[in-house]
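Input: structures, listed below.
Presented sequentially are two complexes of subunit A, the first with subunit B as partner and the second with subunit C.
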Partner chain A sequence: MTAVAQARIRKRVLPSPVTGQEVVLAGVIAALWAALAVGTPAFLTAGSVQPLLVATAPVALVGVGMTIVIITGGIDVSVGGAIMVCSVLTAKALVGADVGLGAAVLLSVAAGGVLGLVNGVLIAYGRVHAIIITFGTANLFMFLGLRIFGSGTVNGIPGTLAFFGRGPDGRTLGIPHAFLITLLITAAAWWWLRHTAGGRHFFAIGGDAQAARLAGVRVQRRVLLAYVLTGLLVGLASCFVIAQGTSTLDQSVGSGKELAVIAAVVIGGTSIMGGRGSVLGTLLGALLVQTVVSGVTQLGWRSQLSDLFVGIFIIVAVGADLLRARARRNR
Partner chain B sequence: MRPRFAAAVALTTTAAIALTGCTKKNETDSGVTGDAGSKTYKVAFVPKLQGVPYFEAMNAGGKEAAKALGNVEWLYQGPTQADAAAQADIVRSYIQQKVDALIVAPNDPDSMAPLLQQAKDAGIHVATADTDAPNSVREVFVNQATAQGIGEGLTDALLKEMGGKGKYAIVSCGQTAENLNAWIKVQQEYTKSKYPDAQIVDVVYAGEDQAKATQMATDLMNAHPDLTGLVGECTSSAPGVAQAVKDAGKIGKVFTVGLGTPQSMKPYLRDKSSSAAILWDVENLGYLTAWAGAQIAQGKTIEATNNVSGELPAVTYDASSKMLLLGPALAITDQNVDQFDY
Partner chain C sequence: MSRAVRLLLTQRIALLAVLLVVVVVTFFINDMGGYLTAPYDFDYMSASLISAVPLAMLGLAEMLVILSGRGGIDLSVGAIVSLAGMGFGFAYGEWGWPLWPAILATAGLGALLGAVNGFLVSYIGFPALIATLATFYAYKSLAIVVNDQQPISTAPVQELFTLSKSVELPLFGRYVPDVPLGIFTFLLPTVVAVWLLLARTGYGRRLYAIGTNDVAARWAGIPVRDTRFKAYVYAGLISGLVAVVTVGQFASARPDAGVSGNGMALPAITIAVLGGVAITGGIGRVAGVVLATLLIVWLNAGILLAFVGNEGSQYQLLALGAVLIFAALLNGLTNRKYGGTQ
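Showing the complex of A and B:
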């Protein structure tokens, strides 16, 4: 087969590199930023955009894993509990054992990987729907996290993780490290999901697991991998969470984060039914949500309005997805 | 599909049982030392939330009081999340146990009122501490400080640093938290009357999320470049606003105060990103709560001024509002932060 023919086939098989939802999202974000730049002059300054990107990072990073999980037709509602376990473990290590940056990240990522493995094994081999398993593990993780907290907060966390933080140590050439890392991981995942057989398998599983199995996809291993990856990313995101917080970590850490992550994924255009989705959209979804939250605060509007806007975005995104699915069926 | 569904049900129920089993675990710390003949009174305290330093410090104070009083058994249990329904379950279990006095720091004062009535009907003496349920049958409310005391304490501490003038903003937490809103109202009125050159430009709500509080404080500084003060209204936003000032490199330009626990505020008080934490002695509040519980359990009347302990020699009681007042608010600064171990 000639290279030209191969390229033609690839063009036919692969979906377009950027989905319609992503174009719309990028447009909405650009319009919002332009409007906010007019409405509140400080919005587009470095002092405002840098913290905004830092705040986007943990949700977007976990969102990469969540997108893959949702593409396979699953879901992981335990990431909030997992963030709690990883961050309290890491914070305690930072305070008690005075570990360095590298060791702290390794510890957190390893802990996240173990929690992801628990989810993955139960879902891939237990054959129970992911929402039930992860709902169970969410509570177990929270219980575990509370036990590690003991009866108190973790105080006096040193600035070891400032590399990922909001402060001057968290930036190189003005770009926040946390966001840069998230961007690179998102790009790698985008390439992997789009251009490798292993990546395409996730879509096949989400489309029709039985057909994928018959086509030779090792479904269980792929599903397991999706949850382990999510766990590893939760571990890294927990380091970002510690770095963005204060020198005290309390029990509210991670609480509700699973909903924030799923919101970013859904707003990003990934179908909650599986089989379709993109990590790029998730990054844009997370950025849109944080833009709205920061924008509402900077404009001096009432805080609860950001909940209203995010709710509208989710409904519009899901509605658009359903309309697209209907259009495909009627074709 | 059938067996899969059955397995799912089995799994969730087991998880649920395992979980409730864990959260329901009773933490009964009894300080029973009294004479064998005399009656021991069971005084139960239900905090808003268990496992946070604030209420754990109250618990420590309560235990200490039980030891000192001799005839009190101190019971302490709260929900693992600040949730009104979970708290109601614990209150019901104490009603079933027929404790002698039941003291609650309600998450939702309105839904707690009928439960307190139920407890009273069962012959239990009821009270509130930390947060009041004003429209209930409670016999006494143990108040840590008046809204006036806290609101004015926060305002004075901040405006002292700001030189009595300028713009500042408040980062609050729960939007419906009655005590926080009462303090904010005092801050607004007091600022207007005492510091006419100062102005509160915004009040935002971050929930109990530290990272969100920090981000909102950052956004507020960006939206108002001439902002010179920030108030963190609760224990998660008090360190949050200080961290935001520190990250933005604005220590000395933007001043912060907040309602923070001493240990969590210590690093910020040290590097001057926080000027002062306004709080009260939480252990003493727990002590006073246990003491009040013992008083009502025994049917004793509370005097206008009470000698509770060495540290609390003259606690005032207002009979018309049935309120015991711990005392004036306490300013925790770089100077005295080391005296507190919570």
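Showing the complex of A and C:
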């Protein structure tokens, strides 16, 4: 077989690097930014865009893990509870033991990994649908988080994590570190999912777990890995959450984040049925959601209206995807 | 012996009944030993049933959509409770409608909101998780915006609190504890109606059929889309009724009634799954959902007495999560060993 033919086959096997959904999303975000720039002159300034990018980071970062989980045909609705556990644990360590930046990140990521491991073991080896297990562990994690909180809030958190925050310490050349890290991890995950056998296995499992198993994919280990990875990313994202907040952490931390992350993933074009999806789309989805949130506030509208637009965007994004799939079938 | 184990594992209702007895007896023993902060007796158990009303009704609503199969689930029931509750607040509290038309209109509003879900899922083909996630956001937002974040608690709405008071039963009422009124006005009629719908009508048989096998049902000439659509409408209708109950309980139409904190959808799905409703559709019974509700309500009520301060509400989360995972793993085991739960 000639090199040209091999290259052609490789081209056919791999999906296109950027899906139609992502192009449309990028276009929609660009149009929104343009409209907002016209509507409120303050929008396209560093003082407005930088907080937007910082606020996008945690959702997009957890979204990378959630994308992989959903590609395998699963789902994880416990990430909100997991964010609560990781952030309160880390905040307590920052206040009580005055740990450094590295130790705090390590602690948070390790805690997230353990929580992800619990999910992964139960789902991969318990043979129960992921949504039921993670509904259960969501309650367990919230219990754990509230117990660590004790009775009130965590006060007087030092600025150790300012490296990830909104302030001037959190930026290099004007780019927020939190967003930069998210971007790098997204890029790495994009490469891993698209160009390595290990990454392609996730798609195989989501397409047909039985067929994947017969083809030699170690399905249970791969599924376990997907949830552990999500847990690790939750740990890192929790550091971002603490850094973006004030010096006080209250018990509502993480609440509702699981739905925000899932919204970003499905707006990004990942199929909830599994087997199809991309982390690039998830990043764009998170950016779109955050643009809507920040745009609604800057236009002086009621901030809760942003949820209405998020709902509409989910319907439009997934609806467009459904129509395209229908067109493909009829061709 | 092995027969008894088999019965417990394969008959979800038997398992739930045993668990229920274990929970109640455990708390009675604790009570006698003086370990609880207040007496756990029949009066207390009866009074705690007030929280069973919305939980069981929403559990039944989730059961209907989960039964319909193809990943059926409704994340938006809590948001429907919020939005329909605001509608009820306006109609009854602000516009001075009489009570019955206001309740009917609220149920109708709930059914309409459910119909949006059903249309998206059944006719357009959205995955249920996504469609109801989107409408969850939309309804939640509308409920908050519609009255500028303000609750409606005018005089007529406040007087509705009588809906949730306890009453003495007629005839033999002196010998048994007083029971919350909501049980008779809302919960029992809903339970009976859903049971009749599922067990005694053609619609119920069609719903089980499309949940068990979508394709086979279509080839058998069943109007699959219409049947699935109606499941979401009924779920919305029940959520609308829950909205009335919730407004009565709070004595106020709160814009975040169904979505604050953990929301109402997640506990409702938990109750349905615990009650033996298979998440893949086609399997589930009304009695299971009712028993699961009683189990969780009486467990929670006991936990509240076993701890001081807000620790009790935290341990309720632990109990709910542990029971759900236990039941789910048991389902997995049963499927492998005996070929399924009934």
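Here, the second predicted complex is superposed on the first by the 321 of 331 C-alpha atoms of A that agree within 3 Å, B and C clash if a C-alpha of one lies under 4 Å from a C-alpha of the other, contacts with A are read in each partner's own complex, and residues count from 1 in each chain.
Here is the rule we go by: contacts are C-beta pairs under 8 Å (C-beta built on N, C-alpha and C of every residue); 3 or more make two chains touch, one makes a residue touch a chain.
Because the structure is predicted, anything quoted here is derived from the model rather than measured.
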| item | value |
| --- | --- |
| Three-chain arrangement built on subunit A, subunit B and subunit C clash or fit | clash |
| First, second, both or neither for A:Leu140, with subunit B first and subunit C second | both |
| Which of subunit B and subunit C A:Thr248 touches, first, second, both or neither | first |
| Touched partner set for A:His129, first subunit B, second subunit C, both or neither | both |
| Subunit B versus subunit C as contact partner of A:Arg166, first or second or both or neither | first |
| Winner by number of subunit A residues touched, once subunit B and subunit C are compared | B |
| Partner chain in contact with A:Ala188 - subunit B first, subunit C second, else both or neither | neither |
| Partner chain in contact with A:Ile314 - subunit B first, subunit C second, else both or neither | second |
| Partner chain in contact with A:Gln304 - subunit B first, subunit C second, else both or neither | both |
| First, second, both or neither for A:Ser151, with subunit B first and subunit C second | both |
| Doubly contacted subunit A residues - partners subunit C and subunit B | 126-129, 132-133, 135-136, 139-140, 143, 146, 151, 255, 304 |
| Complex contacts: residues of subunit A adjacent to subunit B | 40, 42-43, 45, 47-48, 51-52, 55, 126-129, 132-133, 135-136, 139-140, 143, 146, 149-153, 155-156, 165-168, 241, 244-253, 255-256, 293-294, 297-300, 303-304 |
| In the complex, subunit C residues that touch subunit A | 71, 73, 75, 120, 124-127, 129-131, 133-142, 144-145, 148-149, 261-262, 266, 269-270, 273, 279-280, 309-310, 314-315, 317-318, 320-322, 324-325, 328-329, 331-332, 335-336 |
| Residue numbers on subunit B that touch subunit A, as the complex places them | 4, 7-8, 11-12, 15-16, 18-19, 22-23, 50-53, 56, 80-81, 175, 201-202, 204-212, 214-216, 218-223, 225, 235-236, 239-240, 242-244, 246-249, 261, 263-264, 266-268, 342 |
| Subunit C partner contacts - residues on subunit A that touch it in the complex | 75, 77, 122, 126-129, 131-133, 135-140, 142-143, 146-147, 151, 255, 259, 262-263, 266, 272-273, 302, 304-308, 310-312, 314-315, 318-319, 322 |
